[in-house]
Amino acid sequence: MKNKWTLWALVAVLGLGFATAEKVHIMWSGAITGPTSDAGKYYAQGIEDYCSWANDTGYVAGVEFVCETRDDQYNNANTLRNFEEAVDRGDPVFLGYSTGGTLQLKPLVQEVGVPFIPASYHIGNIDPPDNDYVFLPIASYSEQVIAVLEYIAKVAPGAKVAMAIHPSPFGRAPVEDAKKAAAELGIQIVEVQEMAKGLDYTATLKRFENKGVQYIVYQNVAGPVANMIKDAKRLGLKIKHAGAHYAGGPDLLRLAGDAAEGFLWVTAYYMPHEDNAAAKFVKELGAKYGRPADAIESVHYPSGMLAAGIAIEAIKMAKAAGQKISPESTYEALLKMNWANKLAVGPVTYSKDDHVGVDQLRVLEAQKGTFVPVTEPFSSALFRKVHYGK
Amino acid sequence: MSTSSPSERKWLLRINNIEVVYQDIIQVLRGVSLNVPEGRITALLGPNGAGKTTTLRAISGLLVPEDGAVRDGTIVYQGKEVQNLPPEEIVKRGIVQVPEGRHVFKHLTVEENLRVGSITRRDAKVKEDLDRIYRYFPRLADLKRRLAGYTSGGEQQMLAIGRALLAAPKLLLLDEPSLGLAPLLVREIFDIVARINAEEGVTVLVVEQNAAIALAVSDYAYIMEQGKIVLEGEAEALKENPDVKEFYLGTAKAGGRKSFRDVKAYKRRKRFM
Amino acid sequence: MSYFLQLLVSGIVVGSIYALAALGFVLIYKASRVINFAHGHFIAIGAFTAYAVATSLGLSVWVAALLALGFTAIVGYFTERVFLKPLVGQPIISVIMVTIGLASVFGGLIHLTPYGSGNFSLPHFLPEGGVSFAGISVSYPQLLAVAFTGVFLAAFGWFFQRSTIGIAMRAVADDQMASMSLGVSVEKVFALAWAAAGLTAAAAGLIVGAISGLNLEGLVGIGLKVFPVVILGGLDSIPGAVVGGIIIGVLENLASGYLDAYIPGGGTGDVFPFFVLLLVLWFKPHGLFGTEEIERV
Amino acid sequence: MRNPWARTGNYKTSYAQDTTIFATYSEQASLVVFLIGMLVLPRFLIRGDMQILDLILIYALAVLGLNIITGYAGLINIGHAAFMGVGAYTAALVAPHLPFWAVLPVSGLVAAVAGAVVGIPALRIKHLYLAIATLAFQLIFEWAVGHSPALEQGGAMAMPRTVFLGYEVGFKNHHYFWYYVTFAVLVLLAFAFRNLLRTRFGRSLVAVRDNDRAADAMGMDPGRTKVFAFALGAFYAGVAGALYAYWSRAVVIEDYSLMISIKFLAMAIVGGLGTLVGGFFGPAFLELLDINMETFSYWIKEIYNPPGVDVGSAIRPLAFGLAIVLFLIFEPRGLANWWRLLRSYFRNWPFKY
């Protein structure tokens, strides 16, 4: 009867474990449907899977994460409602999404003091005022666009550049900084065009061509970018294309096919086809939680993971420091964070004055259907100069 | 004209005591009964608002678009009850109504208008019938390609009748064919109706306010007032009825207006009839 | 000059897609006086059906396209039977709102499939590239769009001018009472118009899919672009849908070609058609080819 | 009148009695009970509930405005959220310089001007064509805001923290404070709404809806009536927009998009077009439906969640659409009609009729 006793003991230990596991809620509110949902739906899956992974592996001892991904349909009223619910419940951290939603919530975030990690890498999210509690997972759109401009200035000095942006605060985010940086780099931003969801971009592209544009830099989501570069190919234009984080990625390759060849893309994440721990980890999780191939390959999937990862890491730090899990302790932990994560090209580091997690970026180029890095990870000095004046 | 009593006739259509209600509340017909003999022209006369058009619609099923329904009584056509059937079913059985005010399809050509008439037919004789209609109404043949909206009132009336004939009716219901037309045209149209009746054997039930012309071509007639039949008889006989002369034909002798008492006397006679 | 010509040609291509999308919209309005706010969803249903059939069953895109046309026609037919028929005789706002409600229902149903969000591209079924002439280039899918539109319009033109059922549909649009008096089943005509609308919407969806990929938002958005087209052409005119579609397509392209550079951020092509719409409503409320209604007290 | 609560017929003896808003003592009494109930309600609700309640009341105000335009005057308006947006952006621009109680009417008035401008096409076109014109205005509004640097191109314009009697409103009491403000405004404007039909203008609104040619023949000016209906309805929306701006702490374009306009129409229909109680029931029903469907969708996700399909996201638009469709088919007079039936049941109890 010895076996029976072991079994009971096991049950008792497990039961005790469950009973003592503290439930910590982490909420994400973003667009699973509606505008930009092509990015949002994979982002949400990344969060869910990272959470499940943390629970399944017992990543933070004694803590069970309850991660909710809520579809706010790109509507700020829904985001606000979700955020307030999280605050009322005492959630230690909140994962956000859109630029508009984050900018709107900033004063409230400041007032309630709950750390807020958006999917939007708008620099305005962490610029004053009310910027104490917002943390960007990776470098801002502004820095991304400046990084690609620096690369362009290097390969084609004095190039003429046009920007094609999403018609929203998200799209407009890097425009001002990009213009200043271009002046420093000696390249010329000829035009900034907002891309509506049209069926045909001939008019815009032809105009760019007439103005002698050599590069188009996109701040947009992959769908419209794919259509525009396909049109450019059809028109036989010699214009080259480049884009910030949300403009490119495997999604773009899938949608645009051959037309994406030579596309320059800036991001802080590793690619699924690369031979490293990050790619392995992402594929493992995707397979484990039954995600389809296009989700696993999408760059938004690891982006979601990183956001969830930062939150979970901060909670782990707070717990390790013996503190009660709360917004305050999580905030304190975030300010001290230096997480050598395996998803992005650099560690996630925060401090009182630095609310950008991964400071490093890489420029990649689409070659034969995959994005191949063409630079080492770097952070842009020029960005700091034009944005902060230092 | 025939002198046989009504009971000896062969009825194509018998309406027994029908009541028609619009929108569930407005009662228009209160127990109307009338019979239509096969192969003849029957007239239904009466003043505005008496319920003549409603009676026709009850027969043809066109109460539906006006939110009306037959609530009580029966309409028997060829031995079968047809009240409240959908209009397309009634047309298939051979009852076709020419609506009041002609209702031609203004944005269709004359020939297209006629083709709509043949929609319920599956037989191959449509082309032949089309030519026959053009023979009855030679004017329509000249206007084939013109938009119906740009034809004159008389032409539109002819078109409406011709269109109905293309549905190969056994019973043709005409609603005020004289409405808004010059007397000469009215004469012409009624002559054609009489010819169609005689040559094609189409039974006709015609609703009219112009009693003189209607009684001239019809065999039998009913007079309707306020949702009830108040008088009926052979057309010849009705022409001689003093009340009909007074109120519908305007041919009473003894010039000058009659007194109110006489009107009351008429009402009384009506009631006991 | 070649700049202008290229804008013109591209505008005609986009315009013929609008024309095809507007065709179904006009069919419904013409037969039953219903403004269909769910038309964009018909376009999406057609496109995603073709995509689903082609990718999951592995059939050729052409077969998938035929199935999609048929399926969307059936959806249109049942939409009328189930949702619109009970509302015959109700005020306009009820009829408008029921199509708005249906749009939301269709949106929800599409989200029950894997196609609710994200971008998809139809498998290649046309040769890559296109033709170029004097510096003006048109891709094969774009040529197909124009050809498709031409075929559909010719087919519907024939149907409405020559076939008895087509003439009967016009008759119902003209005068319902008179049509009923001749035995035309108005109900059947309505349902038939919705089926035809579903079919043409699916055709529009397929072409959009071939040109710019499938995305629910984008496909549904075309349903909004239909409004300026039909207001310009006339709500109940089939030639109006074609002419209106092409004019709006061209104007949109010219606007973004010549005005965008002067407006901060550009994007004028998106809003310009709606300015046109307001102008048309003010100066010629029934559009270029629409029929005016006569009102009586 | 011995038993004023148990009348069997119309016993009115003067014109003044005939035109009172609340005909019987029982109606007056139930109104007082209702108002007191609403005033003490927050004591029993948590902060999160208050947020939803606030949203419902703000939407109710906007829907009352829509009921003037669409319910009373019969002018289908697919651009009501744009009027609300005009009010909200006005609020964002003037709030740093004015106290909140002054911001509200200013926002309403600016929106009313916008409403009058949008109403101008109603002079020439009607029915469906007018509906499409309002749709065009909605889209042009969104585009114009998106291209105005002064309005942050549709990005967030923060609203200042409100100071009331020297006391700063913060997170904990934000929703309670705005509940009372919204409620006060709503009661005021609902009385105005109820009174509207008793004015010459209100009657001409209905006359114009039923047949504008006939109204013209009877000496009313349908054009002016329609434009004024738009202005008045937009005033309600503008005030609602300012309240929304304060309530949500910032003004962002997505809160005033086409989708929201459609939501307002749905609320008006589900509540009961042209009725006062419907203006409350509609927003309450659809907002609560949405929130419950959201909860339901998390529950269903636990059971059924195939890869690639987002069941949760499908449920909410599905429920919203079905609510509209089913109401239109089975209860076109909306929830207001259920309310009417319920009341008459209790009034006549224990008799059937």
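The letters A, B, C and D name the chains in turn, as written, and every chain counts its residues from 1.
Criterion: a residue touches a chain if its C-beta (ideal position, glycine included) is under 8 Å from a C-beta of that chain, and two chains touch if they have at least 3 such contacts.
A quick map from chain label to UniProt name: A = Branched-chain amino acid ABC transporter substrate-binding protein; B = ABC transporter ATP-binding protein; C, D = Branched-chain amino acid ABC transporter permease.
Every value quoted in this text rests on a predicted model; they were computed, and no experiment measured them.
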item	value
Busiest interface, counted in C-beta pairs	C-D
Most centrally placed chain, judged by C-alpha centres	C
Between subunit A and subunit B, centroid-to-centroid distance (C-alpha), Å	78
Approximate Å spacing (C-alpha centroids) for the pair subunit C, subunit D	33
Cα-centroid distance, subunit A relative to subunit C, in whole angstrom	37
Centre-to-centre distance between subunit D and subunit A (centres being mean Cα positions), rounded to whole Å	38
Junction residues of subunit D, two or more chains touched	146, 153, 308, 310, 313, 316-317
For subunit C, residues contacting two or more additional chains	111, 114, 116-117, 265, 267, 270
Pairwise chain contacts, counting only pairs that touch as defined	A-C, A-D, B-C, C-D
In the complex, subunit A residues that touch subunit C	32-35, 37-38, 40-41, 165, 167, 172, 191-200, 202-204, 206-207, 210, 222-223, 226-227, 230, 234-236, 251, 254-255, 257-258, 292, 294
Contact set on subunit C toward subunit B in their complex	89, 164-165, 167-168, 170-171, 173-185, 291
Residues of subunit C that touch subunit D when the two form their complex	35, 83, 86-87, 90, 92-94, 96-98, 100-114, 116-117, 224, 227-228, 231, 235, 263-265, 267, 270-271, 274-275, 277-278, 281-282, 285, 295-297
Complex interface listing, subunit D residues touching subunit A	46-48, 51-52, 55, 146, 152-156, 158, 161, 170-171, 248-250, 252-255, 259, 294, 298, 307-308, 310, 312-313, 316-317
Subunit C to subunit A touching residues, read off their complex	3, 6-7, 10, 13-14, 17, 111, 114, 116-119, 121, 128-130, 132, 137, 139, 142, 208, 211-213, 215, 217-218, 221-222, 252-254, 256-257, 260-261, 265-267, 269-270
